[in-house]
Amino acid sequence: MLTITRLDISDARILIEGAAAKATEIGVPMCIAIVDESGNLIAFERMDGGKVTSVTIAQDKAFTAAAARKATHDYNAVCVPGNLAFGIHTEVGGRISTVGGGLPVSVDGEVVGGIGLSSGTPQQDMACAQAGIDHFLAARARA
Amino acid sequence: MLTITRLDISDARILIEGAAAKATEIGVPMCIAIVDESGNLIAFERMDGGKVTSVTIAQDKAFTAAAARKATHDYNAVCVPGNLAFGIHTEVGGRISTVGGGLPVSVDGEVVGGIGLSSGTPQQDMACAQAGIDHFLAARARA
Amino acid sequence: MLTITRLDISDARILIEGAAAKATEIGVPMCIAIVDESGNLIAFERMDGGKVTSVTIAQDKAFTAAAARKATHDYNAVCVPGNLAFGIHTEVGGRISTVGGGLPVSVDGEVVGGIGLSSGTPQQDMACAQAGIDHFLAARARA
Amino acid sequence: MLTITRLDISDARILIEGAAAKATEIGVPMCIAIVDESGNLIAFERMDGGKVTSVTIAQDKAFTAAAARKATHDYNAVCVPGNLAFGIHTEVGGRISTVGGGLPVSVDGEVVGGIGLSSGTPQQDMACAQAGIDHFLAARARA
């Protein structure tokens, strides 16, 4: 039997809170998805003005980051024609995302979930995803 | 009428055994899928720590290798923009994999199945897939 | 944070072993799928003669049983026109199975995975799934 | 290793010929699909006037009949609310067909493929599928 550590709903809310604060700061309403370590959705918020397409994209980014334990921008870097990982973006029914904005969430060196942001540029999505993680880890450090 | 030769469940277990031994040796827990010559799954194992996304990817690599009778890294080599094979990775509902790690399994010059590995780098996946085939062919040579 | 208990690959092999023994006893080669508590595949075997359609059906039964924490025959009982649960069988892209043969695997009152059998009648599939669980629990009791 | 017997393209043409003759006789242009024992398409013809929806339905009927080794009308008989097999019609991404008109093709007691008809009533589809098989078996008996 395996013992797995996974984000709970309180953790998910804190991750969203941190990401949404950054999104508000940069003036880009976002879709924000939090998944557990298996890639299944725990919480989701579409800020007023977030894109409808991003409802799915944010979830796919979070899924990819958590279930593959790899940032979507890291997949982006290797998903280049001629590279042996090219084509990964169409796998799992197209759910593998290679668009920046999905990050694994790790605690004590173990992936416990993922966060995915979508509606801005990939750079904006990445910054907000990181802000969610920073806020979450800071809250843990204070606890 | 056609007469087809195909891996059986005992063959599949030997292929998995060889691939898993290599995965253990290099320290990368893998998802390992074995399919028959038509691409249908015979056996699958996710080693403890194998990635969830790789559950599907390993199966798609094995499917591609067996059903198209071509290593996925050979598809990768031709799936380059401007090349006439570009786009093959989105075909068959996205099940065609161009990511290294899927190999056809051949006996007496005939494809009898496929093996797909996923969770490492494409190079690691390829090495473990080959190790599965080497182990299987060695077992046949001894029999 | 949540702490989750989940089947490992050794547990999955024992579940398959018990189910396959029963399938052999009744003379019906089966497809056997074992998933973790989130519904993701850990191990699969298609016994020689198992049906190709059952490759997917066995996995969907195991997925449903584990991820919904409910036997597929219990969903069958309520999936009757006029009952408010009718239609559940088409949900999650059709992956929710209401055909008998999927059982959650529980340890100490907690669902830690699922087992799905397919290729026989639903009654045969159910008997083999239960045999897998009985074998697994007996092995745990001996350990 | 397993040895499998499967329809070849000449067999498939004979099956279509028999089914199409019956379809012409009853005045209903049909879609006719022939698959191998794994459910993969060998040959397909849409008679002039065959329905577009039937392009897929005929293939799914043939797939189901061959890969599950069971006539689609036999699945229909057990796919009744309250019966433990109810819900089978939505499995395998909805490809399992419970509509009459799909028959396994057997030679010497072994399923070697499947035939699926669609465009008429289920009774008409079934009659034409059977006519294809009768024609095929008669040709074999003469050979």
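As written, the chains take the letters A, B, C and D, and residue 1 is the first residue of each chain.
Assume a residue touches a chain if its C-beta (ideal position, glycine included) is under 8 Å from a C-beta of that chain, and two chains touch if they have at least 3 such contacts.
Chains and their UniProt names: A, B, C, D = DNA polymerase III subunit delta.
All values derive from a computational prediction rather than experimental measurement.
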Look at all chain centres (mean of CA atoms) and spot the one farthest from the centre of subunit D.
-> A
Subunit B-subunit C separation of Cα centroids, rounded to whole Å | 25
Would you kindly tell me how far, in whole Å, the mean C-alpha position of subunit C lies from that of subunit A?
-> 31
Can you give the whole-Å distance between the Cα centres of subunit A and subunit B?
-> 29
Could you tell me the distance, in whole angstrom, between the mean C-alpha positions of subunit A and subunit D?
-> 46
Multi-chain contacts in subunit D: which residues touch at least two other chains?
-> 2, 38
Pairs of chains found to touch, sorted by chain label = A-B, A-C, B-C, B-D, C-D
Per the touch rule above, subunit C residues touching subunit A in the complex are 1-8, 11, 36, 38, 40, 107, 112
The subunit C residues in contact with subunit B across the complex are 8-9, 12, 38, 40-48, 52, 55
Subunit D to subunit C touching residues, read off their complex | 2, 38-39, 63-64, 67-69, 81-88, 90-94, 96
Subunit D-facing residues of subunit C, complex = 48, 51-54, 56-57, 60, 73, 75-77, 79-81, 86, 89-90, 93-94, 97-100, 121-123, 126
